[in-house]
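This is the structure I have questions about; it appears just below.
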Amino acid sequence: MMGHEIDLKNYEIRTDLILDSIENKSVDIEKDIKTSDDIKVTKVFVDKDNGKLLSKKEGNYVTIEFKDITDTGNKDKLTDAFSCELKDMLNKLNISSDASVLIIGLGNEKSTPDSLGPKVIANIVVTRYLFVLKEDVKKGVRCVSSISPGVMANTGIETSSIVSSLVKEIHPDFLIVIDALAASSIDRINKSIQITDTGIHPGSGVGNMRREISFDTMGIPVIAIGVPTVVESSIIVYDTINYLFKHISYIKDNQSKNKLIFSRSNYADKIRDKDLSLEEKKEISGMIGELSDSDRQSLIYEVLSSLNYNFIVTPKEIDFLIDRLTDVIAGGINNSLHDEV
Amino acid sequence: MMGHEIDLKNYEIRTDLILDSIENKSVDIEKDIKTSDDIKVTKVFVDKDNGKLLSKKEGNYVTIEFKDITDTGNKDKLTDAFSCELKDMLNKLNISSDASVLIIGLGNEKSTPDSLGPKVIANIVVTRYLFVLKEDVKKGVRCVSSISPGVMANTGIETSSIVSSLVKEIHPDFLIVIDALAASSIDRINKSIQITDTGIHPGSGVGNMRREISFDTMGIPVIAIGVPTVVESSIIVYDTINYLFKHISYIKDNQSKNKLIFSRSNYADKIRDKDLSLEEKKEISGMIGELSDSDRQSLIYEVLSSLNYNFIVTPKEIDFLIDRLTDVIAGGINNSLHDEV
Amino acid sequence: MMGHEIDLKNYEIRTDLILDSIENKSVDIEKDIKTSDDIKVTKVFVDKDNGKLLSKKEGNYVTIEFKDITDTGNKDKLTDAFSCELKDMLNKLNISSDASVLIIGLGNEKSTPDSLGPKVIANIVVTRYLFVLKEDVKKGVRCVSSISPGVMANTGIETSSIVSSLVKEIHPDFLIVIDALAASSIDRINKSIQITDTGIHPGSGVGNMRREISFDTMGIPVIAIGVPTVVESSIIVYDTINYLFKHISYIKDNQSKNKLIFSRSNYADKIRDKDLSLEEKKEISGMIGELSDSDRQSLIYEVLSSLNYNFIVTPKEIDFLIDRLTDVIAGGINNSLHDEV
Amino acid sequence: MMGHEIDLKNYEIRTDLILDSIENKSVDIEKDIKTSDDIKVTKVFVDKDNGKLLSKKEGNYVTIEFKDITDTGNKDKLTDAFSCELKDMLNKLNISSDASVLIIGLGNEKSTPDSLGPKVIANIVVTRYLFVLKEDVKKGVRCVSSISPGVMANTGIETSSIVSSLVKEIHPDFLIVIDALAASSIDRINKSIQITDTGIHPGSGVGNMRREISFDTMGIPVIAIGVPTVVESSIIVYDTINYLFKHISYIKDNQSKNKLIFSRSNYADKIRDKDLSLEEKKEISGMIGELSDSDRQSLIYEVLSSLNYNFIVTPKEIDFLIDRLTDVIAGGINNSLHDEV
């Protein structure tokens, strides 16, 4: 009802992460989930039909979720897990151990939340000049080249044009593309790595003029590695309101019982999965509660955008997080590309 | 009513900006406001009584609000305005043109949103060694020294201890302290500069173990220059919910009228100042709407904190914003300190 | 005589600067010299025959020599002079005001003495995306794109391959290439800018595997802008020994006269152009003095290389010098490319 | 003889390294030398008398010389050796395992060859705030604080004043000071670490207005850790001329013998220790050869200074060298300070 009254624009939340899309659109899809040491790996194959529902390309998506990488032990475990999943993806695509690779670090080194790609590139072990110089290369060492093409605002050149011109020039057998992404839930910011064989796509993530970098445009396999490092304010608000519903509902259910129930240790898990009826939501939050999820999301987006307050934000600690993530991604790539390193 | 039901913790929003405090606590205080070229300067004197109401120190507070400093023209105008207000503060405190100054850049250069202080220091024109070496210093050039003491996490030393030990060693006549602050409204992030003669205070801003740097602790005047560069997620949510109320109320009032009213050009101004009755808020947002402002704020803080989602965030473009703000603050200080530059 | 005795290897000093080559090889060539405000501009056209003598490509070479760019006034004058000479080169090559340009910053941003190219690129005003998006571009604004391709040690890809692949992809009408050079005299390090229409060549400068970037390889005009930022130790030694000869000869000539002659103000100019006979050199420096210039140079190179002491060095202040030179080169390019900036 | 003719100024070569001083002044002093894995450790105790001869303070000096730290294995061995020598120095000074330390990183982070001190500080494990907050600190963890005070050109404050004011404020039991030094021979640049209990002294190294930081001025033990990262051009020239003498003499001795003698593998070792008579030097280099070592050094200094060519230089690869040295020094300090890390 209210949806009509406030004349919602047709607004579709943009996200780069398949798990966000699956949640947001409530698509029923088979997930292969594996957990160990606080690291959760979720594998999904999106077929043509689900791809349409999700506005995502057909292909394999692997999401690695983790908790704290300021701890060195956790960081090492994550690096191993990531390296292992990347190797697995190479096998799935039948990429042989002597296939040559060009690694592309997208993003702007001068802008911290967008600097992951260039920083990873600075830490990649490059070997291609050994092959060019016909030096005696050890068995098990793959031919690796890499580049940080910069961003269109600085180069004036579409990034995909730079990549495709290089592919034509040096003929790598496959591409790895690293990019910072936009999350569409506060749960996953700086807490997940997505590996996919579908490449990088326009319209995914925060809108800029990028063209697709994929098998379709490059003619060779493209493995995209993405880490969400930013989030729109409207998403923070939307997620929080949902948690407010769950929180209040939880309190109401438990208010006559004893106080110990409030212990922080299990609170989060208890409310995270709580479901509310529309009636409950209406009681808790009136007209706002009565809206469908997507209408509520659109309303928040609409209001913040109109006021120019829909900032894209990043955590205060982003410099340190990017440093850690650089170690994980570069270390994991170096490990998985060569039999001998 | 609801306040009792959900067992709100006694939570007080922390803010570094006097205008945020005045708004949040609805304290009635005289403001001297001056506007030109999109720059708004608000001067407030907080006396002892208002200080108690606001949890702020007695003294002068000048807030300069501005819009877009990516435009070079605007940046230059802001630098002039800031320089002018700083000179005015020096006059108000009867600081003579040959009084020596030590300028302190608080914060961590390695963490972008916290790097304003050290970056300003790197651009200050320092003259003290000329005086020490008894070189022939031009008339109108003040004795200026500066330091970036670092942050306690890196030095292990309370920053105020470093400052007070230097004050005892080199005996400056007054201090200028530059710091990145936490905003308590999304309106003001990276859009205001606060100048105050009350110094830097514990408990203001995002909680860390800082001790006060002020006339009381240093024995000389302390002018603090602060720019809000970060904000808590809970504040984004609280502010947005308030705008949702205003937006929906505005739509309801205008829904029978013609559509042109939606033109973005004047929408923001129209809703920003809209006031709603409790009844309206309840209709729009049920139990959440029914809460008092401070209870709603506490509720949001409580839920996000319990889930570990109350991130302190900064806009994605923070690297560029800090660069611009550095130019403004360092340029303005250099201009205002010397008759001859 | 001695030359035979010590079995000198056939060693040819490598230099990137035409004026160094002309001096080292004593080639007689017409120079068009213009001086104002401590800035000296020398224009040379190298024809085929002189090109062979100098091991340099046929074409135009403009050298701008300057003194102190830590002074802001001098820096601005140099920027104007450089901008003016670059415009002049564009005219000489009949490059029209709407011809599109791709600007290439060679070098490694992570290595200070080699970071000039990438740092200039970061300050170039790029416009090509306006043309791509068919936005309404002001008359007098040229289509500009730019890239920092990195160095082969990091990318594994020959830099000239990256450039040629981009030329094929985006079809610029001409190229500007910026590079840090090796000086072959201590007079010119960080004190000259060379502009040439002959491009960048292998074998010039400190030996690395670079291929030529020139009209011959790219099919479009290539303007190379080079600044010497490093020098081999052997060149410092060779130059100093020459000055020792001149100094001692000068002292001997003047030892009976009065002491005032030692005033530093005119000493340098007096000895710089002093010529010594072979006899004098032999008296002053025995077997070393008796060697021909090129044999002495080879000897020094040979000894330092054998000991692994022929370091390539850069002045201690290189960080600040690169910052200033970046301002000059980027500012000058931005000014000269557009009628309207 | 010639010394009189050319009116040599009384010029004394400045050096920060005890081994350079001992060589330059040919002082006979007992050395305790230990070599393993390409790492050579030389320990010297300078008593009052030798101190006068060497213009050095009385005390212990440990010099660690090494070859290639771009190799990770070598870097790790050097870190161990350095850590071990630092522990040894702590024991020699009877510094107990719970004595608190303030670590000072001298130098300017913005100037690469001078950035070692600040970069080491950024990698020190600081613990003092744990003690201040009375947290439960593990046994074997020492109270560590640290600061990078900046350079006088930027702060306007004598660095030793900043340090002494902090010593008075926080009362550490001893100081560790890290600094980039000037070498006085090309053999040792970026190839040695000096540890001494004599502190940092005025007049040592490239002349700036620094005051002493030592037991005498601070009242607590001061361990200075220095790495030569720069060298004056005049020293490169002086050293090279000496090698020219040795080289030519070697050639003359061996010219009738077979050519294989030129193999690079043993050439360096053979000429390095060659001694020449004055007669030989005169034959090889005439009046220049006839000068005493110190007069020749003064002459070169005089000529280069008069021409403003006595640059202080650093190797082209300084950025990478500083990164490696930072790892070694910070890693070694962290290891040696705590029983438990």
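Each chain gets a letter, A, B, C and D, in the order it is written, and its residues are counted from 1.
Keep this in mind: a residue touches a chain if its C-beta (ideal position, glycine included) is under 8 Å from a C-beta of that chain, and two chains touch if they have at least 3 such contacts.
It should be emphasised that the depicted structure is a prediction, and the values quoted were computed from it without experimental measurement.
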Touch-network distance, subunit A to subunit D, counted in steps: 2
Co-neighbours of subunit B and subunit A - touch as defined: none
Rounded Å distance, subunit C centre to subunit D centre (Cα mean): 33
Chain centre separation in whole Å, for subunit D relative to subunit B (CA means): 46
Whole-Å gap separating subunit B and subunit C, where each centre is the average of the chain's CA atoms: 49
For subunit D, residues contacting two or more additional chains: 110
Chains that touch, pairwise: A-B, A-C, B-D, C-D
In the complex with subunit C, residue positions of subunit D that touch it: 5-7, 110-114, 186-187, 189, 230, 233-234, 236-237, 239-241, 243-244, 247-248, 251-252, 255, 262, 264, 267-268, 271-272, 282-289, 299-300, 302-304, 306-309, 311-320
Residues on subunit C engaged by subunit A in the complex (per definition of touch): 110, 121-122, 126-129, 132-133, 143-150, 152-158, 161-162, 164-166, 168-170, 209
